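The following pair of complexes shares a single chain, chain A, combined with chain B in the former and chain C in the latter.
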Partner chain A sequence: MSTAAETRTVPTAAIHEGFLAHARFRYFKLASLLCVLAVAVYWWDDPADGPNGGTWLGYTLGTVGALLIVWLTLLGWRKRDYSSRLGTVRGWLSAHVYLGLSLITIATLHTGFHFGWNVHTLSYVLMLLVIASGVYGTIVYARYPTLITVNRDQSTREAWLAELDELNEQSLKLADALDTQVHQIIVQSIDRIRIGGGLRAQLFGPREPLRKAFAQVEKELGMTTRFMATKLRAQPSMRSLGPDESSTVSFMAGQLVGGSHDNESAQKLLDLVARRRDIAGRINRDIRLHAQMQVWLYIHVPLTFALLAALLAHILSVFIYW
Partner chain B sequence: MRFLIRTWTRQSGENVSQDRTLESQRLRIGRGTDQDIELPDLRIALAHAELVRSGKNAMLVTRPGASMLVNGAVTREHKLRGGDVVLIGRYQLTILPGTGDIDLQIDVEEKVSARDEKSQRQTRLGMTLGEVLWTRRRVAWLLFVPVLLLSFALPAWLRFHHTPPPVPAQADYQPPRPPTGLAAAIPTDHLWVPGQSSSAHAYFQNDCAKCHKAAFERVPNEACLSCHKDTKAHASDARWLRLDDFAKARCEDCHHEHKGDLALVMRDSAQCTACHAQPQQRFPDLRLQAAADFSQHHPVFTPKVARYDSVTRTFAWIEASPEQAMTLHSDTNLKYPHDKHLDPKGIKSPTGKQVLGCPSCHEPDSSGVSFKPIDMQKHCAECHRLDFDPDDPDRSVPHGQPAQVVGVIRDYYARAALAGGVKKPGAPPIVQLRRKPGEQLTPPQARAALEWADQQSAIVIDEVFDKRVCGYCHSVTRTGDPALPWSVAPVMLAQHRLDHASFSHQAHRTEKCESCHAARKSTLSTDVLLPEITRCRDCHGDPGTVSRIPSTCIECHGYHISKDHLMGMASKPAGPPALAEHPP
Partner chain C sequence: MGESFKIAVIGSGPAGLSAAARAAELGLSHVLLEAEAHLSNTIYRYQKGKYVMAEPAILPLRSPVSFAAGKREQILETWNRESDGLKVNRRLRSEVTGVSGTRGAFCLKLADDSVIRAEHVVLAIGLQGNIRKLGCPGEDAAFVQYQLDDPDEYNDETIVVIGAGDAAIENAMALCERNKVIVVNRRDEFDRAKAANNAAILKAIADGRIQCFYNSGPRKAEDQPGRRPRGLIILNTASGEVHLPCDRVIARLGATPPRKFVEGCGVAFPTADVTSLPAVSATYESNVAGLYIIGALAGFPLIKQAMNQGYEVVEFIQGHNVEPADEPLLRGKFGAMPGFRTVDAALELVQRRVPVLAPLTRLQLREFLLDSELRLPQQGEVIFERNAYSDSFYSIVNGQVDIELVGGKATRTVTLGPGEFFGEMSLISGRRRSATVHAGPNCMLVETPRRSMNKLIYSIPAVKRVLDQSFLSRAIQAAIAPERPPVALQSLIATASVLAFKPGEHLFREGEPGDCLHLIRKGSVTISRHMDGRDVVLAYVPAGQYVGEMALVSNIPRSATVTAAVATETIRIDGEAFKAMLAQDPPVKARVEEIYKNRLARNVSALQQPERGGVIGFLMAQGVGEATDVLLIDESLCVRCDQCEKACTDTHGGLSRLNREAGPTFENLHVPTSCRHCEHPHCMKDCPPDAIKRAPNGEVFISDACIGCGNCQRNCPYGVIQMGVESKTRPSLWRWMLFGGREPGLQDHAHHDHGDVPKKAAKCDMCKSLPGGPACVRACPTGAARRVSPEQFLRVARKE
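Our next item is the complex of A and B:
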């Protein structure tokens, strides 16, 4: 949330893009060569019944494509097998990305551009979906680690959570010392803090607190404090506050301006609340970045297995009805 | 009111209670030390709620801004009954009816310790996708199994779990109706159809088993031949058909299904040239010329031409070749110069000059491949009249029946001589004299008249056959037989034949006839007007060419051309042995 953190010098994206440039783009070159070769042979070959999966080239491309899919699936196994000596995981990942992309060419040429409502096109469509989710994954793996590092600002989520609890406790104590009403407001604002949540909350941030709850708080605080708050919010230091905390802040501001309490304590409480809001925002952003960075795997991996099933059905059905 | 307040605490793993009684009109609940029930939780207000008497009952009321949960619902005010559970902060207050002098018992219990609550709150938060989603492995199986079941296992089971009934003969065959309603949603082997069926077979495309007899076996020829019964084999020699090249040939080698109408008949010349490029390499005793392609390596045309044997009066067919010009003529036994008939200035006719063109005589037949036979009555008779007596031009002889021609002429002059009044120079008076009504000739007179008639008809018969009528177009010979003194040689109108190729004149109708046939320069009816293959190559080229019309073998040639043998015949157990001299 803090704009200052983003302008600071951060580790460059190169660290996370490493797998793309692995071994001087060896697998990019290999995959490109494969595509160029496939297109060239497809262009040269002129089967009498038109290009299709049943010509010699069709069978060749189909075999290459099926073997590639099986091999690409094995990345999941290689990742977990730490004792494996079959190349580095980084190399595998690099090859996985580029050879996976080359499948678009290989499989499309294998179809000969014949599509229909059948298991064959089902396999093709599933493959494209897997590749599309993989492309998303490649992009987020290249971008998000940097964003996460910037957001973390050398802290950790666990430290933030501990701090948040600490801040809640301190603010309650401070509020308790100030006024019963202040204490109530703080208790309610603690309840309103949303960290994480379901799939939607993790991916897009938690929902705003309920309008009803807002209305209740506002009503209780009364017209005076709101008027005071408006005056106070016009000051530059208050402008960056989000709606999440606005009611708490309005109230606090009202208390401050009213001068009915110890100014120092109130100022301290206000700082605590602002810090709390910042931390909650960072935690939610951290959760959101992680969720967005990982959600594609929940599509990529299961769809891969759907693809394997469809591929099996595709190959078996072709040879059952040879 | 008297209250019994029972406070539960956990001490070394056990719940311990501490009781105290209190008599008061109102019971104060809050965090403050001055409260009757003190609940040390920072989220609870110093004075949070109050229990006040309300008639016979007790009423729980929160202070302004504070809230509580009574039996799970957020409440500001509640009339207490026994069994009510009130949650304030971490604390749970259970209301029980009092016993004896106690009006109300309140059990106070800290539900969770402050530390536990903190860690519980954190674990309740959904902060990773793993907490809110099924594991990837689980979702993977949830997709893998249904996809495999629906797209493969179920269709395969429906197709193969029972033996399909034998496919009935073509006449009785009814393609299965496509399922309707819910049944249409059941995945069947129709999901495996790789492409559009050809239009000829589309009506049974839902019946996979009609062609795909057994799993993992290619479509057998019998599946095709069960309908296409009369399909001819390739070779006419049964010994050839026993060779693997033919016996093991599959219909599907050339006829691909599920590719629309595009590939139902393969137009791939490579399949033909695999053998025909060097036929002798595979079949040494074969008298077949090599044909590797059309543009460069294709035999010249060797039409079958007719040779007339005047002794047996029959035609025989021999192969002629443009390379041996001497052989390139075909006997027709007609005198027909094309050049005279096609004279652009016209040709003499009884009604003046007539300009003729090819279509005047050559009418396309219904197939469009060739032409209707030339018909004397239709095409020739208008000019070539068959009258035999200049004084009586309306009388003519019948065409094609020499014996009747002789009879007609003899009868004509016999009747004329007997009837008299014939104005012919040199005729005897009895022939020239007109008869009176009722006049009868005496036998000597009649004999004299008939003698003249015989002489006259002999002259006319010779003239008709040899010069003026028959002999004008036909080849005639004197027989020496007084009854039928002339014979007309039989005619062969089918001039030349290409047995192993078919040429569609209909397909070439936009071309002018003379662009291929040199009829305007042909002076003899024996000329073979078949163009040479070079003329074809002016327009037609090999598959793949861009400068000509790409033409494959089957544009002109057929595969199923055996005279006597049908496809599938070689696979039957009885039959002549394969050629022994065939190299392996």
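Our next item is the complex of A and C:
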């Protein structure tokens, strides 16, 4: 995995228009207008007991905000209503993002900057959390798709898994021909490859980092070859091939036996192991990128429902106890 | 010498079986000759449990043997039982190798050199041809088989697969998981097979999963009763004889097409085209008196049609005049004709009025008109609009039509009268209508769908000639000088000829002298230039436009290479004649020069952004050159949520026609596995019930008439058609949101173990039934998915 490749920018085809730029930023303009209007009225309005949620403006902003929150939640319904003719999902998402952001202004002005340890402020905080998770989502939606494409490098996960199987098979065959000990190491290394896993593994990579697992394989391979070389050195005819203690695995493999055929096999085996590591790494990175791109929704959506509940409590309590 | 019958029927498929059954029912002396060891080989070879449809539903069945849609086994069982009951005189394993003679005195030679005499011969051998056998002693031994139903039936056997085509490779690959498989290839490579199969088998051989004998063939097959394994096959190999004991030999050597045999009987084919079929009279008689042809070989591929013909042909031989089974259908179609008396009279009127139909036999005419519709539009009514995507063909029986030709800013109206035809431009180019057509007074038209028209073009050379001629002059006029009458372009049209190019073939190359203009009539081309040691694609030019004018206008050598992106046909126009025409016609010259300047400017801007050329080249390689509408995903926007697939699933009976992840990617542009709605759809090529149609807006869709044969799936080079069962119910979003259960947009797996429900072909229909466009695009939250036509794509790209 080269980091250079990750930062490479890929030219975008000109036929597509992202959701942020939808309809020439129509909803960005609308949301901005809404915010400017709200700030202007807030500025102009001068209620007797200071700005708060109970003034006419406070009620207006509160109603607008609550309606916006309910409408924003409806995106989850619209995106599953696949035959709906009510605008495109792209338009809805564009509006969702910009109007959602405008809530920061509207709800903040609604509070009149009165905060406390109560259900009202809880609603406000939950709303900010929902928006924050949404902002994170917008950022990863802008960034991760390209990262995934670059990591994929025109391949697919299925093709990778097939190649991995193929490489495993080939390396076992090669190892089998070399030595039983080498074979055992390869078998172990195959067992040790971790692809995906639970939530944690998906988000941050498998528990046993691949790098470590492969380092282990290489170390063990090296030890075996060294062991073999020692054995060989015991034979008088091989003594001239004295080992170098600090040599690399491939050098040790090269030392394995004098014969060029096995030498070649050992080299090939190491190449296979390296390729396997690369592919397993790419698959795990692919899984990780996908997981990181989607995980925020598992926060955003439950928080939204918490917000709706708190909002309901906030509105009810206002009407009952005020 | 030899037995003698009144009627000899060759081939025991639906047509032949029905004919023999009718003869038996009437007590006529007859014989039914079948080359295989069972009746109805084509259906016998269907996979186990395959559901056979009974299209067209409106056509009544008229045969002593019954037939209704059902499983292969049921149908074969019924036919066997009923033909036994009728005492049909059938002879299995009786391959006819030649027919000679004429009415009253036919002589049929069989493969075992015996001879059968007959007064009449009914040829009902279909189009599948005879399966090629081993061609050595023991080819019919019990352990030798010529098909493979279910590879999972065999375990731990030694199986010898003979052949090197796709069928042999696919069988060998499927069997080698659980059996020892040995492949015998007569040559030293597998290059006749598809690239994927070739690679797969070479890899399996390299891995030692399959053993292969190259340059080898069978010499003898021997049963070894009581021994294991039960068979022995002896091969001739490059290094001598090899004895292989085996449990099973599977030979997949293809089939011999029937044409040679049929021609050997004296029957003439109208053209050399492979799809050409022999012409028969209204009584199914061929040009050989007393020799009748029915079923698929006569151009009637559906089972019910073939069975009806079997019944009718025996009646005709008996001298009875039966009303054809389609008579009521034709009456229903043409009954609306002013002054209608009988179907025959109506058909005759149509044929007399429309010269292009003159060469048709009465039977061809009946079938042609059965597929067609009578249209009686009011004066002024629009028959089709310019840029609509319909592709049917219209013949004018009565009255007239006005065609509005648009050329630059000017419009010119051409009036066509009785006997003339229109609509052939879209038929040939596969592109949108080039003009709007209005009905004139007393207009009576016959509208014929694309497939029937193509069938006619391929089987009657005279029809093809007339259409080609007319296309040539109308296309040249439309593309170069729409405001001029065809007469003014006569000198140009006289030099024109039609050329065909394979994909990748060059129309001309950079640096060559320019001596002609190519008007693309079918397919599309790319324009490229050689730069820095590689070809840079500058532009894509679809059918209906011309290329090559630059060298003619500027008198310099070709400035770019033009290559066919897909199978392409062009009208070549001589350069000198073109220049002469321009010299005489300043307004046309000015327009050609205008196009030339635009192209020059576009090429210069294209050269400045060579990466665009890479995208065009990539898209062309994905078949976009023959597409009318293609789904493109911008991967830098795609968040892999699969909303597009879910939307497709939800709006199409729980069966997605789109695979987002599959398909190639170039930089950020991803072409998922999804229908391209080709100009000349490959899927339409061989659809027995003609169930694949093109809607006016260009969508290629499959109608309910689908019989689930899978031909379209095999013919589609882009793998976008799948066989499946649509769910009748659609999950409710409200119920799912409130109570859970089936979520909209997810494939309904429970429903997919459908048991007896027949699978049908499913493909993208661009959601033509939903207002507002394709659901996949409407459901994409980020704007990553878009459906575009190639022209749109390139136009939008140029603005940048």
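In this text, the second predicted complex is superposed on the first by the 253 of 322 C-alpha atoms of A that agree within 3 Å, B and C clash if a C-alpha of one lies under 4 Å from a C-alpha of the other, contacts with A are read in each partner's own complex, and residues count from 1 in each chain.
Going forward, a residue touches a chain if its C-beta (ideal position, glycine included) is under 8 Å from a C-beta of that chain, and two chains touch if they have at least 3 such contacts.
Nothing here was measured: the structure is a model prediction, and the numbers come from that model.
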Exercise for the section: Name the contact category of A:281: first (chain B only), second (chain C only), both, or neither. Expected result: neither
Problem - chain B versus chain C as contact partner of A:18, first or second or both or neither - result: second
Practice task
Applying the touch criterion given at the start, work out whether A:88 contacts chain B, chain C, both or neither, answering first, second, both or neither.
Solution key: second
Problem - Touching partner for A:290 - first (chain B), second (chain C), both, neither - result: both
Problem - First, second, both or neither for A:79, with chain B first and chain C second - result: second
Handout entry: Contact residues common to both interfaces of chain A (with chain B and with chain C)
Key = 290, 294
Completion exercise
chain A residues touching chain C in their complex are 10-19, 22, 77, 79-83, 85, 88-90, 92-93, 141, 144-146, 148-149, 152, 154, 156, 290, 293-294
Problem - Contact set on chain C toward chain A in their complex - result: 611, 615, 632, 634-641, 643, 646-647, 650-651, 661-662, 664-665, 667-669, 733, 736-737, 743-745, 770-772, 775, 777-784, 786, 788, 792-793, 796-797, 799-800
Problem - Touching residues (chain side chain B, partner chain A) in the complex - result: 31, 42-47, 63-66, 118, 122, 125-129, 132-133, 136, 139-145, 147-148, 151-152, 155-156, 189, 191-196, 208, 212, 215-219, 256, 259, 262-263, 266-268, 270, 544
Practice task
Sort out for me which residues of chain A touch chain B in the complex.
Solution key: 46-50, 52-54, 114, 116-120, 122, 157, 161, 165, 169, 172-173, 176, 180-181, 183-185, 187, 190, 195-199, 201-202, 220, 283, 287, 290-291, 294-295, 297-298, 301-306, 308-310, 312-313, 316-322
